[in-house]
Amino acid sequence: MPGGELRYPTPPATPPQPSTESVVEDESWVWAQIKAEARRDAESEPALASYLYSTILSHSSLERSLSFHLGNKLCSSTLLSTLLYDLFLNSLSTDPDLRSATVADLRAARVRDPACVSFSHCLLNYKGFLACQAHRVAHKLWTESRRPLALALHSRIADVFAVDIHPAAKIGKGILFDHATGVVVGETAVIGNNVSILHHVTLGGTGKSGGDRHPKIGDGVLIGAGATILGNIKIGEGAKIGAGSVVLIDVPPRTTAVGNPARLVGGKEKPSRHEDVPGESMDHTSFISEWSDYII
Amino acid sequence: MPGGELRYPTPPATPPQPSTESVVEDESWVWAQIKAEARRDAESEPALASYLYSTILSHSSLERSLSFHLGNKLCSSTLLSTLLYDLFLNSLSTDPDLRSATVADLRAARVRDPACVSFSHCLLNYKGFLACQAHRVAHKLWTESRRPLALALHSRIADVFAVDIHPAAKIGKGILFDHATGVVVGETAVIGNNVSILHHVTLGGTGKSGGDRHPKIGDGVLIGAGATILGNIKIGEGAKIGAGSVVLIDVPPRTTAVGNPARLVGGKEKPSRHEDVPGESMDHTSFISEWSDYII
Amino acid sequence: MPGGELRYPTPPATPPQPSTESVVEDESWVWAQIKAEARRDAESEPALASYLYSTILSHSSLERSLSFHLGNKLCSSTLLSTLLYDLFLNSLSTDPDLRSATVADLRAARVRDPACVSFSHCLLNYKGFLACQAHRVAHKLWTESRRPLALALHSRIADVFAVDIHPAAKIGKGILFDHATGVVVGETAVIGNNVSILHHVTLGGTGKSGGDRHPKIGDGVLIGAGATILGNIKIGEGAKIGAGSVVLIDVPPRTTAVGNPARLVGGKEKPSRHEDVPGESMDHTSFISEWSDYII
Amino acid sequence: MPGGELRYPTPPATPPQPSTESVVEDESWVWAQIKAEARRDAESEPALASYLYSTILSHSSLERSLSFHLGNKLCSSTLLSTLLYDLFLNSLSTDPDLRSATVADLRAARVRDPACVSFSHCLLNYKGFLACQAHRVAHKLWTESRRPLALALHSRIADVFAVDIHPAAKIGKGILFDHATGVVVGETAVIGNNVSILHHVTLGGTGKSGGDRHPKIGDGVLIGAGATILGNIKIGEGAKIGAGSVVLIDVPPRTTAVGNPARLVGGKEKPSRHEDVPGESMDHTSFISEWSDYII
Amino acid sequence: MPGGELRYPTPPATPPQPSTESVVEDESWVWAQIKAEARRDAESEPALASYLYSTILSHSSLERSLSFHLGNKLCSSTLLSTLLYDLFLNSLSTDPDLRSATVADLRAARVRDPACVSFSHCLLNYKGFLACQAHRVAHKLWTESRRPLALALHSRIADVFAVDIHPAAKIGKGILFDHATGVVVGETAVIGNNVSILHHVTLGGTGKSGGDRHPKIGDGVLIGAGATILGNIKIGEGAKIGAGSVVLIDVPPRTTAVGNPARLVGGKEKPSRHEDVPGESMDHTSFISEWSDYII
Amino acid sequence: MPGGELRYPTPPATPPQPSTESVVEDESWVWAQIKAEARRDAESEPALASYLYSTILSHSSLERSLSFHLGNKLCSSTLLSTLLYDLFLNSLSTDPDLRSATVADLRAARVRDPACVSFSHCLLNYKGFLACQAHRVAHKLWTESRRPLALALHSRIADVFAVDIHPAAKIGKGILFDHATGVVVGETAVIGNNVSILHHVTLGGTGKSGGDRHPKIGDGVLIGAGATILGNIKIGEGAKIGAGSVVLIDVPPRTTAVGNPARLVGGKEKPSRHEDVPGESMDHTSFISEWSDYII
């Protein structure tokens, strides 16, 4: 998790920080998979072959493919694709952390989302994945004090994908923004590793004062669709936030908060604790029996 | 309703399955209306005439007009409008079911939405209508095992309209996606006939296992804005889901579920049952007196 | 507040209606700030200079810059940028009210949103601001009985910004649509002055009957993210609606409604009343202690 | 004829300099014709109606229509249509001379070119007409010392129309550039009134020294296809230059020069003189009998 | 040769008019060649594969490929690619003559131009070929009295390819417009079968009177670069016009005209006659010894 | 001169082959000039500043600026700007010869063309310069056996600039293609160093046989507008070809050929010889007195 703001222990399910060497190998392996998938799809579907060649098969590396795709998705009549392509390629080429985060996010979608049929499907079609990769570049620009450019990029991401992540927000690796439309992540928010966040989720602020005012999301957290989390609060590692919940205060690790206002499943005194890592297991509804039983 | 997953009787308000002949007649009638509306608008507003001619008045049929409009709306620098136009026109020309669904959806918007001033207004401007028609073509591609193309189309719909309907999802006829921004419909979801769904509605899954994991929505259901329905559950025919509700278990036919977590209006033992078909009557708030009475 | 539907006294924090002269001065001052900001950013970031010159620095007035930017953002292959530019420029040039509203909205974002680092940041990048300015022009067209054109513009705004404001809706000045994605405002809705509305907020209707059926929002109201307000009800001046709330009945002035269904903080008999103007103070969460206390 | 470099008397066929009033009337009459033609064509050809509305029928004046058309023809990804539209409209709106020249050129094409079926045909489709109008604006910028902008415009005209007229070149009124592809007109060239110039014509310079080095073309001259005229020489009023001629020295008024190198028809001592004004009569080949008689 | 204006016997080298059946077979064979070439090129050059798939390999027939390519080449912001694609596809699909002319032109380029390395090279890259195919469709529209549309298409061809063929001009089959830039063909011109025309060639008129005023080019003629042929004159079958010639009177069959003004090689009394068909043999310079001998 | 086909001694006016070091210095100096010019123009003309920043001022090197400009000029809907940008940048970055040729061409235009007011004027606006730089990259691809890509690029150059240079043609350094529209250079043509070629010049072949069939142009040659040179002939170093000439046989060094058919000034036995290098002195017309004297 970036920034160290949360000190919850990393959940055991999280893989150890891999060596640079293995990261490069991993990147190569994933890129080879993507090319193989695209080649197979191009052969079976001529109508899509042009698209697959321009986005994937004509490129010599994952970062070139991704830079091309993002440049063409995010460009406008006043921010040309060549400028954006250059910007993305330059960032991705020079920063191995960005590339390993991309690979981790591809793996996250592939493993956690049963609708994700292939790595190339995620690379080409997942607006959450694409918005997140573009955000990482915007964040890098932000940390390099190129803020007007970071904000212009932020604006394009928000327009094109309807995903609004402030470029200052810190986001870990292995993130799945599933569906992603309507996600809002504020300036001082921090998101740990291996987190899964559904669409319409807000990590918002508390008012018009500046300073540290947005949520800190621990490793392995799962946040259900439409959940609203406001203020500089901690969502403990491995916690689960139910769909549609409104959360204004801390949620302890490995507990589940549901409802509007959110309450802890099991009660605030002795909340139920789960063993799995919801950000990875993606179990959205196992708390139903305790919560919503109006019918047999 | 497609697929037969739900066996609730079709509500009486639903018209009987019309003969092919009358469908064709109906299509002609609606298309004639659309042209007349567009002609009138072009005359009264020269600034819009070019748009109306290119999208409607220059075309010889509804499917050509719709294919042109969708092709131009959904194209990108890597998926050209000519390719998409061809794809839409080919599907719509050869599949009368697609065309009758289009007509039924146009009628649904016209009848149920007081802000829908004309058929052409819906055809040109309703992102829910356009996303739904494009989805039907993506679904057809999916069932023909052209999945990469279906997913590419799905991705464009999600980007352009912020409406995310998995191409495998089955959707009936006479559907109104009102406002539509932020709608998410999962892979194994089924939506019956004459259903009305407001914006930000989620028909989502339960986790990372594949298989049948999304809601089944009966005929004539009304789902209010921001409602989240998760899991392979049944929303009975003619049921109503209040705005902002979070629904994780079955809702019986012709009852109303509201709140987070949702509860049945009238109580789970003896829920109130209504006679009208909410998906058609669009009554969003008649349950207020039972539910929310903090002020006179 | 437009339309006079609400007769709540204007909150004292609202500035008095300024004279025409001071409005023009104010516009000039803000425009000078914007140019200075853009010049500074262009110097520090050559990659963005082209964008800043085309959108701001090459223009002789705020209305030209805004018309250019909106024309290029909202254009499509069937609605050309030159047509839209002409439309916006003509409206903004001839209607000083539109221009003073623009300036008031720029000030609102600058003052209330700690993430808004400059006026030019808002002008270029805030989809809520841009959608609102485009809406004002669509509304003007609507009142001039150019409804097909107003609806076409409405459709482009909904596609591009995922902000869906019916062109008939009346909106005051000094409005902040923060983040803005997913906002839906219905045909007969009225929004007062100095209101702040977060993303995913719905001001919706009640059913399929026409007529006056949408909320009336008083001056100085704050509506939190994801709140759903349905029906021809009044949200009193200076009231606050908590994030994720579902509100179906009137909310008195300077009270706070939270939850699904919403209830008044302090109880419906003696609701707590606050002194500040939440639409301006942007205090989203001070009611937590009364509402959601499951953990220390 | 601009600049006064040539003092040949204006040919009698040239109409007297009209009063401002009659120019305005004339402009209105031509514009009314254009609209009537476009309306008729739009009715008879729905496939073209969108084009005709966007280019002509949606505009309130000839200068708006022309500015729109030129802006969309000459724009590129780095010179946006809105910028060019603004530039053209501003020039044409404020300079009645530009507008009367446009009208005179429209009349010239209509009267002299039997293939010109209507004013609107010329306005929309004649690259020579369009290049000439755009040149006039570039020339105006040049004389206002906005040279970099004039040269950028020049470059766009040369790319799009393959017509290369230096922005410093002075061009009269009532000009027909027929077919126009490949025309090159140098920096210090001057073209009088009522001149007709075919495609591939060069009015070129003599070398690498600056200064006045290009041809001066008198009123009423006709220059045939592919003629090359080099150096600061005078082509007298009413002269005719045969197709493919190479002319390096002065040509007297109302004489005909043909061949490579050009010689005067009738001989240099007593050249044949014609009474008509070739720039208006467009007689390309009446000199054949004297010149080329290899077969009966 | 279309129209029968010239009654010169067809040169023996011209193949007999093939049966419909064999034309269809021929078209299939050429299309199969084109796909095979494109497949081979796509494999050897990934950077071009996207282009080859979109233009050729994703299409099911030559007419679809050509319609797509022309639609995308000739479109503009006011004449959309989908409209043009539709127009071309409709014409090519319903008119086998257009298709057999396309095939004959492809063969002509392949056989006569040593720089033409493949059929696909011609289909994709030869502006003369593309302009000619688009002209044939414009001509068809012209003959169907859809003149404004024909002229709009004519204008696009002239802008994009710098090839200006009046839509009324009649053009045979097996035509090679080599290089093609700057070609101008007037309204009443007729071009026979198996003609080869180089760039900058003009088939022009004589003045401002209407009526039949342009050249008639017999079968098998070769016209060299930059030749200018003016007036309603006949260029006899199998004649050759030297580069840069200016021709104002008839040229007998199988003779060679060169120079400015053109004279017949061998003299006007007893011109040299050749046996080959220059339009097919492409012999541009064999007349040198008789004509231009200033150096050993 | 590339290829060594011509063995004429290099004219003394040609600078000695510079060392790599000085080439790099020269490139830096020219690039610094270009940036200074663009900065000055951007300050004086805000309407052009966006263009100047995107094309020049935002780039860190001449090759990036040129690649960006060519990518945006030559792209189409099927050959995206990002692909072309990548292609140009890769070629220019890795091949110092390409870069030194670019600089030499910039100098040639600046020195020889009195209308060339600055290096940036040439870089941005000269279609001959841009076509030539793009050709060099196409030629590099050709020599690397990437022929389909080279031909696709060739086609784009011919469409956009109306300059048709076969990618196999060899072109030296210090070339000025002045005006450039209509230039055609065949497959086996060779052009030496310090050559100046005007518009409409053809270096063409002789027929349909392959093999070495195009002209070889020596160092320092000047070819006037519209000249047609056909066949595998030699134009000796320092020769001059008059405008509109048709040249089919060798021209000796430092002589002048004029007319159609061309003859040597001074006669074929004892042609006049000049001392200057016409490709650099650009003297187009000094031979007039000997050639064309029909009038005083």
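Which chain is which? They are A, B, C, D, E and F, in the order written, and residues in each are numbered from 1.
Please note the rule applied: a contact is a pair of C-beta atoms (placed from the backbone, for glycine too) under 8 Å apart; a residue touches a chain by one contact, two chains touch by 3 or more.
Remember, predicted model here, so these are calculated numbers, not experimental data.
S.K.: Which neighbours do subunit A and subunit D have in common?
M.R.: B, C, E, F
S.K.: Please state whether the interface between subunit A and subunit C is built from the same residues or different ones, using more than half shared residue numbers as the mark of same.
M.R.: Different residues, largely: of all residue numbers at this interface, under half are found in both copies.
S.K.: Averaged over CA atoms, how far is the centre of subunit B from the centre of subunit C? Could you give it in whole Å?
M.R.: The separation of the two C-alpha centroids amounts to 29 Å.
S.K.: Quick check: how many Å separate the C-alpha centres of subunit B and subunit E?
M.R.: 51
S.K.: Could you give the separation in Å between the centres of subunit B and subunit D, each centre being the mean of its C-alpha atoms?
M.R.: Chain centroid spacing, subunit B to subunit D, equals 57 Å.
S.K.: Mind pulling the residue numbers of subunit E that touch at least two other chains?
M.R.: 47, 50-51, 54, 58, 72, 77-78, 80-81, 83, 162, 181-182, 200, 226, 244-245, 260
S.K.: Within their complex, state which residues of subunit D touch subunit E.
M.R.: Against subunit E, subunit D makes touches at 41, 44-45, 47-48, 50-52, 54-55, 69, 72-73, 75, 81, 111-115, 117, 121, 124-127, 160-162, 179, 181-182, 198-200, 224-226, 242-245, 258-260, 281-285, 288, 291-295.
S.K.: Show which residues of subunit A lie in contact with subunit C when the two form their complex.
M.R.: These residues of subunit A touch subunit C: 76-79, 83, 87, 146-149, 151-152, 154-155, 158-159, 162, 164, 166, 181-182, 184, 186-187, 200, 202, 204-211, 213, 226, 228, 230-231, 244-246, 248-252, 257, 260-264, 267-268.
S.K.: What part of subunit D is in contact with subunit C in the complex they form?
M.R.: These residues of subunit D touch subunit C: 50, 54, 58, 68, 71-72, 78, 80-83, 85-86.
S.K.: Touching subunit D in the complex: which residues of subunit A?
M.R.: So the residues of subunit A in touch with subunit D come to 77-78, 80.
S.K.: Under the stated contact criterion, what part of subunit A meets subunit E in this complex?
M.R.: Against subunit E, subunit A makes touches at 42, 46-47, 49-51, 53-54, 57-58.
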